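Letters A, B, C, D, E and F mark the chains in the order given here, with residues in each chain numbered from 1 onward.
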Amino acid sequence: MILHILNRSPGTSLVYRDTLSAMGPEDRLLLTEDGVLGALTSQVRHFQAVQGRLFALREDLVARGLIGRCDETVQVVDVDGFVTLTEEADKTVSWF
Amino acid sequence: MSSPSDANGDLLIILRHAPHGSSWLREGLDAALVAAAFGKSVSLLFQGDGIMALIPGQGAGALGQKGTAATLDMLAMYDIESLYVDASALDRFGMTPDDLQLPALPVDDATISRLIAVHRLILTF
Amino acid sequence: MRYGLLVQGAPYSSQASHSALRFARALIARGHRLESVFFYHDGVYNAARLAAPPQDEPHLIDAWNGLNAEHGTQLQVCIAAALRRGLLDELESARHGKRGHAVESPFELTGLGQLIDLGHEVDRLVTFAP
Amino acid sequence: MSSPSDANGDLLIILRHAPHGSSWLREGLDAALVAAAFGKSVSLLFQGDGIMALIPGQGAGALGQKGTAATLDMLAMYDIESLYVDASALDRFGMTPDDLQLPALPVDDATISRLIAVHRLILTF
Amino acid sequence: MILHILNRSPGTSLVYRDTLSAMGPEDRLLLTEDGVLGALTSQVRHFQAVQGRLFALREDLVARGLIGRCDETVQVVDVDGFVTLTEEADKTVSWF
Amino acid sequence: MRYGLLVQGAPYSSQASHSALRFARALIARGHRLESVFFYHDGVYNAARLAAPPQDEPHLIDAWNGLNAEHGTQLQVCIAAALRRGLLDELESARHGKRGHAVESPFELTGLGQLIDLGHEVDRLVTFAP
């Protein structure tokens, strides 16, 4: 399992498309920084292909006032959970 | 809030970046406050991810760096009352003006191009 | 586990440095070891010793120095990326016939080979980009 | 050119940025050359706008700053021969492998994820 | 007439969408830097709404080896032409 | 006509500075006057006096200095953006209790108000961003 980390909003950047292309069937995707905009209910359809393997960073959602608007299909983790995800993954790939 | 047709202003600042991820939004708001302090009439247009600036309940960022919520509260103090928000961006994010922490007027594409036409100077952030 | 971080974003302009420091503290708190932070692309600006942020904002350079002081984390700065951008240490400044320097210990100017070594030495390399 | 299944390499560098507009591409290629000089086996994947790195006939940039065409020519000298290009990006730009200045193997999504799986370290630029 | 200047590729960034929204019926659009990727025949459909008012900077096309791939509906100008466009416009707006 | 430029991109990382200089030379060659270049956001890094790019690459700081020397163009750097990023002149360095400086004349640290003034004084303000 590989952890992919995406820090761009699907409202601005198309890098999410390359990220999804590069993900294997067990890989996980963590949305961080402006990437957490992709976790909103209105945006999460962009990540339908990785449903169940989609995570978002709690601190970045909270800082933006978006924690209550995060779609329920997204697993919210804090920075300790981020570390755990990197422990569990064979390696990480960052997309920006 | 003035309607777009009144807004024959000195400066329109277009804010397209979300808070926290970069300093664009903060630096754009700083430019707005300084221009207002210099006596210019300033309008703000929140477009694309920039509408996230208007979401209530924002806090400090990683390591406690300041967000932009406090700066937004200062806009009224500086008489910056012409706030516009891109209606299509609101739609895209599934939001309405009631979701925003400040009263901003939703504007369509034709109105956005008119805002740009009637302001003397345009800065994008 | 042994971790390394690659930081590619300028401080204050992007969240990359903030996110990297937050992650660094969390992994250390969980008992892992952070061997080194490598600064590349605009990340090299994190080494600017003269940074003077407002007092109510985090001082990122001090925070990096703290990681080094408390946990022995190396702070490695790509020399090629740094020279272009005006981040010279005393040695490079003298070598280029200039007065003054912008980078000082514990930040060290080093080759890109150190990044490659780091990436293959540690168990996890995590990139924070703008 | 090795096929993806052979590529059990040390390092995969993913190049997603176009030449000239930013230093990402150049800095990514520099990392590739250094890794190869350090004896690592290096593969390159050109993805998205990064496929523009492979267009022939590139020149110097504004003010004469160096492009990346010369660096690409050095790849073979450093034994970097595993070059892959995102087939969907080629399609999107209406290009074929014949349009490229170096022989790069077009790869589909499944192959891209496999490339990432079989390399020890991945760096994106 | 207002001159809009766009330096991002439509292959990566969605800013072109906001640019087009903001353009009036007489306004012109100049593609520069990575923005010239939008002038390729395969990409120019993104800018159909401003056909006839679409320009691309020659030097940036040439540096990228793309001068021969520029769509014929795009008016190619050099940096002197860029200055002329700013002279003819009431003001400029940069999109990035 | 009278022009002003707003540069927001770091040198060497983005094409913004290169494009701005190219445009500056072209507008001057056409007989216009370039009053000032204002550096904001990461554009302030253009003022880093210690920049030492490889000899086969353009030296952007020298190019900016040349504009000032030959055409009297002012080089104004937003002081708030600069201090955060470690770009202090001698005065600010002393004020912050530091040794050494990273910015020197003809670059001048100044307030954001100068950008607003510039934008309203000149006939055309053109922004070059990363």
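Observations, loosely collected:
As a convention for this text, a contact is a pair of C-beta atoms (placed from the backbone, for glycine too) under 8 Å apart; a residue touches a chain by one contact, two chains touch by 3 or more.
By chain, UniProt protein names: A, E = Sulfurtransferase complex subunit TusB; B, D = Sulfurtransferase complex subunit TusC; C, F = Sulfurtransferase complex subunit TusD.
Everything numeric in this text was worked out from a predicted model, so none of it was measured.
Contact with chain A and chain E alike is made by B, D.
Path length between chain B and chain F in the chain contact graph, taken as the least number of steps between touching chains: 1. Look at the CA centroids: the one farthest from the centroid of chain E belongs to C.
Two copies of one chain, chain C and chain F, form a contact in which over half of the residue numbers belong to both partners.
Farthest from chain B, judged by the mean position of CA atoms in each chain, is D.
If you average the Cα atoms of chain C and of chain E, the two centres end up 38 Å apart.
Averaging Cα coordinates per chain places chain A and chain B 27 Å apart.
Note: centroid distance chain E to chain F, computed from Cα atoms, is 25 Å.
Annotation for chain B: residues 16, 20-23, 48, 61-62, 120-121, 124 touch two or more other chains. The set of chain A residues touching two or more other chains comprises 7, 11-12, 14-15, 33-34, 59, 91-92, 94, 96. Of all residues in chain C, those touching 2 or more other chains are 12-13, 15, 19, 22, 41, 57, 125, 127, 129-130, listed in ascending order. Here the chains touching each other pair up as A-B, A-C, A-D, A-E, B-C, B-E, B-F, C-D, C-F, D-E, D-F, E-F. Here chain A touches chain B in the complex through residues 7, 9, 11-12, 33-34, 37, 40-43, 59-60, 62-66, 68, going by the rule given at the top. Within the complex formed with chain E, the residues of chain A that make contact are 11-15. Of all residues in chain D, only 10-11, 23-24, 27, 30-31, 34-35, 37-38, 40, 120-121, 123-124 touch chain C in the complex they form.
Interface residues of chain C facing chain A in the complex, by the touch rule stated above, are 1, 3, 15-16, 19, 22-23, 26-27, 29-30, 32, 124-130.
Interface of chain D with chain F (complex): residues 20-23, 61-66.
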